[in-house]
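Chains here go by letter, A, B, C and D, matching the order in which they are written, and residues are numbered from 1 within each.
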Amino acid sequence: MPPRTVRVRLYASAREAAGRATVELPVPATGLSAEALLRELRGRLPALAPVLRSCRFVRNDRYLRSLSARVRPGDEFAVHPPYGGG
Amino acid sequence: MPPRTVRVRLYASAREAAGRATVELPVPATGLSAEALLRELRGRLPALAPVLRSCRFVRNDRYLRSLSARVRPGDEFAVHPPYGGG
Amino acid sequence: MEVRLTRRPLSVGAAYRALERPGAGGIVVFVGRVRGDVTRAGRVVALDYEADAPLAIRALDRVVRRTRARHSAVRLLLWHRVGRLRVGEVSVIAGAACGHRAAAFAAARRLIEELKRSVPIWKTDRARPARRPPRRRPRRTGRRAG
Amino acid sequence: MEVRLTRRPLSVGAAYRALERPGAGGIVVFVGRVRGDVTRAGRVVALDYEADAPLAIRALDRVVRRTRARHSAVRLLLWHRVGRLRVGEVSVIAGAACGHRAAAFAAARRLIEELKRSVPIWKTDRARPARRPPRRRPRRTGRRAG
């Protein structure tokens, strides 16, 4: 059976706001835009909304250049708050 | 017998120009100005003259502030070319 | 290794030895350590560092590559630790070996600044409350200078 | 020791350990090494470092004192070696431990720049001629970047 979800990984302040490190979101077989996926995510976890405004997004280990990029079942999606290493 | 000379210590390029590290210069019991001592030094070691123009001078482990400062028998005098550590 | 992302303690001695190359007249090593600052949540006793590892390693590589091009470095390294680090432990080492000291300072500085800006690594304070009974509370923002 | 003027080899590891203090979120260590540059006299095989020792030690102390005042350093050190140093050997270590990285970089940089400007230490090349029969010839100017 093909995958029907996208696994979203939340880091640092995004994880703290959501209270969890990963979320599985169901997506249609034809996929949806990253923008629609984020809408879905905010609906599911409202506390994430303010954090998401300062985040970068990653699909399958590549930074998303545009929120119109398509996300398909089986993809991995990551939410990166501003970096703070060092 | 009280000392009748000043020992002059030459460092780095001053030593290389003079071909020696120290010089003993006779000075009067009442001493003489640093300026006069340097005249004496240039007379003894003419190759030093161009080097001395960029040097700082030290008497008894203290930098000389003025060439009119007095140098007396028994004093130690040092010639410092521009520094180059590191 | 030039870049490293590891859960194991970082050795400053090993970093320095990796930088000793012929022609390296000036070597600068920057070491970032966890500080026990006092925050609203209490005194920081540890920082939890996490990374998006595949991207972080690529980003570390890119920082090193760009820095080498700009500062004609003989040898660079950029190592970061992840996991729980106690106060005083080393979180990051940025090292630059160059012909001359000005380049070595500039390259080491650039490595750490670019790391902070562009490498997906985050820290979270673990603080011990000052006047309340001890409990662990995660905080969003780091409190060290790195 | 904060300042040191010695004929013995300098240890970068010992310098780093001396800088590890509580509150030191950023530590910068600068290491200057002898380079085997080619000069008109041939390839440099060694540098002879000499100092006017009593004045040099006072001057090193003064550099550290002034740098501490400017950069609110937790701990500083400034060590210089004298005598004959072969290519690759460490001539100087300048280290700064501060709360934050910007101060640590600035303090370490200041230590080495002030040392070069104000501390009575000199170096003389010892070169091996490239195409003539080997002989030792002293040269006036140093050929390293420190």
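Note that in this section a contact is a pair of C-beta atoms (placed from the backbone, for glycine too) under 8 Å apart; a residue touches a chain by one contact, two chains touch by 3 or more.
As the structure is a prediction and not an experimental result, all values here were calculated from the model.
The fewest steps needed to get from chain B to chain D, moving only between touching chains, is 1. Chain A and chain B have centres, each the mean of its CA atoms, that are 77 Å apart. Distance from the chain A centre to the chain D centre is 51 Å, each centre being the mean of its Cα atoms. The centroid of the Cα atoms in chain C and the matching centroid in chain D are 25 Å apart. For chain A, the set of residues touching two or more other chains reads 86. Within chain C, the positions touching two or more other chains are listed as 32, 101, 112, 144, 146. A list of each chain pair in contact follows: A-C, B-D, C-D.
Across the interface of their complex, chain A is touched by residues 32, 49-52, 54-55, 80, 91-92, 112, 115-124, 138, 140-142, 144, 146 of chain C.
Of all residues in chain B, those touching chain D in their complex are 9, 11-13, 16, 58, 61, 63, 78, 80-81, 83-86. For chain C in complex with chain D, the residues that touch the partner chain are 12-13, 16, 20, 22-36, 87-88, 99-101, 104-105, 108-109, 112, 144-146.
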